[in-house]
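These notes concern the structure reproduced below.
As written, the chains take the letters A, B, C, D, E, F, G and H, and residue 1 is the first residue of each chain.
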Amino acid sequence: MDQPDHSPDPRIADLGFARVDVDRAARTGDPEVVYGAGKTPEQVVTILRTLHERHPERAVLATRLSEEALALVGGTLPDAGIDPVARAVTLGPLPTPRGTVAVVSAGTSDAPVAAEAALTVRVHGAGVDRIDDVGVAGLHRLLGVQDRLAAADCLVVVAGMEGALPSVVGGLTGVPLVAVPTSVGYGASLGGVAALLAMLNSCAPGVTVVNIDNGYGAGVHAARVARNAAPRPGAS
Amino acid sequence: MDQPDHSPDPRIADLGFARVDVDRAARTGDPEVVYGAGKTPEQVVTILRTLHERHPERAVLATRLSEEALALVGGTLPDAGIDPVARAVTLGPLPTPRGTVAVVSAGTSDAPVAAEAALTVRVHGAGVDRIDDVGVAGLHRLLGVQDRLAAADCLVVVAGMEGALPSVVGGLTGVPLVAVPTSVGYGASLGGVAALLAMLNSCAPGVTVVNIDNGYGAGVHAARVARNAAPRPGAS
Amino acid sequence: MDQPDHSPDPRIADLGFARVDVDRAARTGDPEVVYGAGKTPEQVVTILRTLHERHPERAVLATRLSEEALALVGGTLPDAGIDPVARAVTLGPLPTPRGTVAVVSAGTSDAPVAAEAALTVRVHGAGVDRIDDVGVAGLHRLLGVQDRLAAADCLVVVAGMEGALPSVVGGLTGVPLVAVPTSVGYGASLGGVAALLAMLNSCAPGVTVVNIDNGYGAGVHAARVARNAAPRPGAS
Amino acid sequence: MDQPDHSPDPRIADLGFARVDVDRAARTGDPEVVYGAGKTPEQVVTILRTLHERHPERAVLATRLSEEALALVGGTLPDAGIDPVARAVTLGPLPTPRGTVAVVSAGTSDAPVAAEAALTVRVHGAGVDRIDDVGVAGLHRLLGVQDRLAAADCLVVVAGMEGALPSVVGGLTGVPLVAVPTSVGYGASLGGVAALLAMLNSCAPGVTVVNIDNGYGAGVHAARVARNAAPRPGAS
Amino acid sequence: MDQPDHSPDPRIADLGFARVDVDRAARTGDPEVVYGAGKTPEQVVTILRTLHERHPERAVLATRLSEEALALVGGTLPDAGIDPVARAVTLGPLPTPRGTVAVVSAGTSDAPVAAEAALTVRVHGAGVDRIDDVGVAGLHRLLGVQDRLAAADCLVVVAGMEGALPSVVGGLTGVPLVAVPTSVGYGASLGGVAALLAMLNSCAPGVTVVNIDNGYGAGVHAARVARNAAPRPGAS
Amino acid sequence: MDQPDHSPDPRIADLGFARVDVDRAARTGDPEVVYGAGKTPEQVVTILRTLHERHPERAVLATRLSEEALALVGGTLPDAGIDPVARAVTLGPLPTPRGTVAVVSAGTSDAPVAAEAALTVRVHGAGVDRIDDVGVAGLHRLLGVQDRLAAADCLVVVAGMEGALPSVVGGLTGVPLVAVPTSVGYGASLGGVAALLAMLNSCAPGVTVVNIDNGYGAGVHAARVARNAAPRPGAS
Amino acid sequence: MDQPDHSPDPRIADLGFARVDVDRAARTGDPEVVYGAGKTPEQVVTILRTLHERHPERAVLATRLSEEALALVGGTLPDAGIDPVARAVTLGPLPTPRGTVAVVSAGTSDAPVAAEAALTVRVHGAGVDRIDDVGVAGLHRLLGVQDRLAAADCLVVVAGMEGALPSVVGGLTGVPLVAVPTSVGYGASLGGVAALLAMLNSCAPGVTVVNIDNGYGAGVHAARVARNAAPRPGAS
Amino acid sequence: MDQPDHSPDPRIADLGFARVDVDRAARTGDPEVVYGAGKTPEQVVTILRTLHERHPERAVLATRLSEEALALVGGTLPDAGIDPVARAVTLGPLPTPRGTVAVVSAGTSDAPVAAEAALTVRVHGAGVDRIDDVGVAGLHRLLGVQDRLAAADCLVVVAGMEGALPSVVGGLTGVPLVAVPTSVGYGASLGGVAALLAMLNSCAPGVTVVNIDNGYGAGVHAARVARNAAPRPGAS
């Protein structure tokens, strides 16, 4: 019924069920990424394999994978690196890290988003320093890691519920900071909107924000900042 | 046109433009209070005078007064105590304070709400310890007053923007805490809704919340808690 | 890939899947609490056992447990106290109650939240007086318990739908009052937001509010108020 | 530029700046009504005069008038009845009342909306019983007028802030009830949305609701109910 | 742990899992009603049986029943009347109808709400005239039933999506009208909020509104209006 | 401080306070348009004059003008056509109309938006048939103009409050229809959001919607449709 | 219990579970359409068969079908055309296409909505040109199809997430454009509301919008525009 | 009445009406900043003068100044640099710029926010490249500046209405990007919320977002990124 759209384009890999942009690295310097939500395990494996064959020399990242997709990748792509907490996988060699991103999280329930951010940072070419369970209701632990915060080239700060952690961290240091609200909470957390609004209204200057649970987006931004940062003493 | 409603009730002072409940003290132990918003300066003065004449032995409080009302009260009721920051006045002797409420605020812009809370606490029978400008983006000042927080019988914590202060204070002490969101902010603060949501989702246990800018309501609750608290060392 | 975060901290029990703050009692005077949502039954049992072993002389509380977690606790921790309505358990001896909190609820559907509040109050050191099914559409029952309301040191008032009960109770007495909106309702109740907004706008002075369905938070606040209250005649 | 729309229609009075439906009485049994918001004082006077001349034997109602419009009507239409609280006027003889509507309001600030409802009821052919200042934070006054509530053919219940009054009144009687939320309040009252949501979620069965501050709409519904009600003992 | 609440009250039937108000008929003239949402089939049957035994001479209504509850009622209470579309049942003799309520609905998907409203009207003592599938996108059917609309003592108008039907019906007649928004729709219907807002803003005067999908509440109001209406020619 | 941005571009007229796209006609076939909100009267006149000088052979349109801007245009550009209801002006010859757009509005208060739509249609090259005051609460007038609706090549339907008119019109004819919600209303109209949501959920197929009060946008779309429509009998 | 509604109407096919308007083609020129959501597979088949028998000479469309309904249609109506991506079927001969609608979509996840729009366009009498995967984050592909955009008589532009595509397309051409927001996204996409708001605020003039995921509604509008468009060179 | 809070702190300058943090530079490397909203012109001048005297060797920034404050600063602080578009001033020498931030804006109305961002960047130590009027409805201008986008160390992208510009820019380059939604728009722009949501849902990876109209916050983040970036060819 429709006019077919057959324009062949070397920058696009047409897999039938999806048309994958295989040219992003040239345009932005970033790796290929597969957003797994809404894709079948078979589709995820096919896209990963296709992208890996196009560019075997660099890593491909797949995020938001179901249990089934993680299992199928594990069974069919033995070289893939599986991160079950992040619900993500990589295929191909990770780049040599340049600069450091500290990924800071408030509570245990924020771990999946923090893990997605951390893995994204690594795949996008920067190193990671994980600092977990430093929620604002127990300041002593956060105050104990101030030097690690100051040593980073960029910070990713992950928190749900009232989303206060970025404000407190942002008051302790002048390192560029990306805040990630999570959907952890209930009732008036409105699925993460409360944390999102809090972070957008942070009284600490320079806090920037991404979508709820978007560890990936924060990781991309932070890695771009860190890998371009001038070297300095103290950073890993 | 209407059937007149002439039922005389000794618990009500009918001023024509308003019917004032003069029986609240008997029912709840609290003083009479005039909510000044939407009332003319003349009406405020009349209500204050009427309530004062009924119960000259205890204080009356009027809140949310316009500049004009504050001026008229100052000119016509020389015994009134004027608090221009709180936009409130008292008439009649303040009660002897029992217990202490620490009123804690984040920034300069929160001062009117903190002042309303503090004056309300005093009129409702408790003492006040003011701790201002201890926003979360500068933790050192807050950490310097931990002993004053712990010495109070109840805390009122006032903050706008991201509303993070109650969570941090609530993690430092087990004193009962009432959080007051303020409308300080712009854009995604949504008139104080962002701070309100943050406080309702506080990860610090036991934080309770009142309406945006409602220093009065927080003061009433805190004074009731403090004036009934058992004496203990360290409290003023 | 990440830098490990191995800083040992005696105030934290690291269980691998969670890092539990075992120092809260020293800081706030409150017991240890496990928030069960999102944890497996095995994790709940492990955390309960660990916390109990650290401090066998005082109670641990676990809330928001699934049916499976309640069953596993019952089967493996025979000394635990199970509250199936509250979906919560305790392990270890409850403290001697000081002061009384009246937990008041509007309807049958509010029972789980009221039960969570009541159990939290007991674990946090105060006594409980339960007053159920006193919704505002049938005032006679509420008016029949006015003396019990007045005898309490703090009130927790639980209601869904239009959330009117705290306003009515708050007009009957001057006892400190914490209102808990519940998600009971449909359509324009917006998952409890209608009740939450109503309580925040209560015309009764001194009403404070917690998050939707947050019986735990209300219980913590109320117990702190009641256990510090000066003794008075009539309170249990 | 446009094609003129010259279709003459005897059911429409074309005043240039407005086309007034002069046929509503025939269709619905109700009087003509002028919604004054957004109209100049001169336009209000012109429409009132036109409608009155068409049907001098029955009343015309104009609502939502500015101070200027009220003054001009008073100066140019000496036979008009002016209600400054309701910000409304009538012109022409009021109908003989059939049945009674009790208009119940919570607080002094709700008076304009209650007055608009009451005047609308009278112009639409029913009698009015005004019951004011019976907010839920002082139940004794409300309980004192239960017989007047029960004697009415329909109830209009007006309240702002938490909007709890209709639920309490609706639990006391089975008379048909229309609830009117008002914009009285601040912060989380969201311009009356909190009261509106509360009334829509009332636990008292049979409560119906109109738009915020819509005393007129409630009055029309209530008058239609009351004027068609079968006579009964006790109703005025 | 708690103080038991053993106050026996003849107006309450204590079933353990619920305390049922068996006195509502005396207070409001309405029958007993069981709100089935959240209750087990066994609980529904027990409450129905208990209420029926207390007052075998009048009907009991149970609404919002699950498939399982409908089946259990059908199997264990052979005298019950089952309405599978309304998801409701009655037990005991229906009252003789006084007056007529026309229940008008826009589309096929609105049938469950319309059926709940119609059954509620009958149980509350009025007669019903059902007028279905008269949505505003096909005006000819609606215009064909104008005489039936005008003959009713009260109208219940049920519509989802844009909720326009009450405005059109309200322009055709002066009969008291209750509008019921339904959750029929998707996307920007926001679960029925779009229809709710539309009805609250109706340009037809006198339209009152109930909660989304609340056929029961509309039915109660309409039956109260209709059963008290003076008889007139043309009404059934 | 900044690097100047001096790239000269013939498609842009740089007026200092604004850079005007003078190339739109070539790209889209539409005239130049000045959005007057936020511009001073002097700026409006300058832009109008500049655009007119570039293309004296076709009309320029300026919308959303203040009273002051309308007066200054009238005083300084005697050839301009002023539409005070639409708060808009044109300068230069209007194009010969091709096809017809019927601009339909519900009430008197919707006139400014309808006038803006009508003027926009004319400037963009189509003819206009205005049909006003045909709100859904008075169907007889709307039913009387069905032939004019059917004769148009596109419909613009303007309504505030509940926004029901597009659904009713859309059920009467298959002509392409653009709905314009207006901000007419109060309370739960939420500044026009209620009408917007209603129109997005219209049960009449094929209704498309523009922003609140956006008569201009609707006019552009409708003119594009009408001027490209094949001629047919009955259209002007 | 109810008065039966037996008015026979030749324009309605009464199937018991639904009353189908079989007269729409005469009124609007459009085919019959079955909205499948909420209907059983058997009901869908019955309605399709009934409508087809009434008008075997033209196509019937059924949308929003479940997997089960698609399977049953495939098994029992061998002449039906099944579109599994659109989740829709047709029965009966498609009309000869007049004019062309370009259906443009941003990403792979938008395919179901784009497919529903495309099929609707064909059934409503216009031809389709599909242009997929031209999201704004990769402009090169979109810029490569500018001539196809300009050759269409109407555009349907489908996008989720930030909904930016219609603005970019609308800046490239003056062809009438209907934007369709999709529910693709998470967190702050609020189920498609973010894309909807973006499209309503498009800075490209003349963009009109339909409900979230409403490919059908956009298709109806676009087909009506295209099939009435005057022929021009370049359009298929 | 209150306990005075006299703790002298060298890191705080107590001006009576405000307590200014004069230690931020040591903690974060950033200059002192005065948020002018809600402050009198005299207060702004006093704070500027005080901060300048403490640290005459570096710049102070004051933002969100009223017309009156800008005038008073101009009249009393002759060395101040005034930016009337940004509504901001600086006092003291600007730092030598390191790295470059490109500040990109969509339309003329976005100029104040873009100017605030640009001035903030300079005061915080980076250089600025301004790129204005490159809205998505006219892609040609944006495509003409791709090399300037790619040469920057960080991008600040400012847009109102549908907020699409960051997505398009983010697809053209891999430079770190901060998006600033503005309150430019009306109706469904909801005061900038539409643009904010769009930017949070950007399909371009790595886009981070600040509060509506928060040019200052974006400038702080971007300057921190740029001044730490390693030098590279092409950057100014």
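Just so we're on the same page, a contact is a pair of C-beta atoms (placed from the backbone, for glycine too) under 8 Å apart; a residue touches a chain by one contact, two chains touch by 3 or more.
Each chain and its UniProt protein: A, B, C, D, E, F, G, H = Nickel pincer cofactor biosynthesis protein LarB.
Not measured: the values here are computed from a predicted model.
The pair A-G is the one among A-G, F-G or E-F whose contacts match those of C-E for more than half of the residue pairs.
Most remote chain with respect to subunit C, judged by CA-atom centres, is F. Averaged C-alpha coordinates give centres for subunit B and subunit D that are 36 Å from one another. Each chain gets one centre point, the mean of its Cα atoms, and the points for subunit A and subunit D are 57 Å apart.
With centres taken as mean Cα positions, subunit F sits 51 Å from subunit B.
The set of subunit D residues that touch two or more partner chains comprises 138, 171-172, 187-189, 193, 196, 200-201, 211. Chain pairs recorded as touching, per the definition above, are A-B, A-C, A-G, A-H, B-C, B-D, B-H, C-D, C-E, D-E, D-F, E-F, E-G, F-G, F-H, G-H. Looking at the complex, you find that subunit B touches subunit D at residues 1-3, 5, 7, 9, 11-12, 17-19, 21, 37-38, 181, 183, 191-193, 196, 211-214. Partner subunit B is touched in their complex by these residues of subunit C: 27-30, 33, 153-154, 171-178, 196, 200-201, 205-211, 216-218, 220-221, 224-225, 228-232. Remark: subunit G residues 106-107, 135-139, 143, 161-164, 167-168, 170-172, 185, 187-190, 193-195, 197-204 touch subunit H in the complex. Residue ranges of subunit A in contact with subunit C, taken from their complex: 94, 103, 108-109, 118-119, 122, 128-133, 138, 140-141, 144-145, 186-189, 236.
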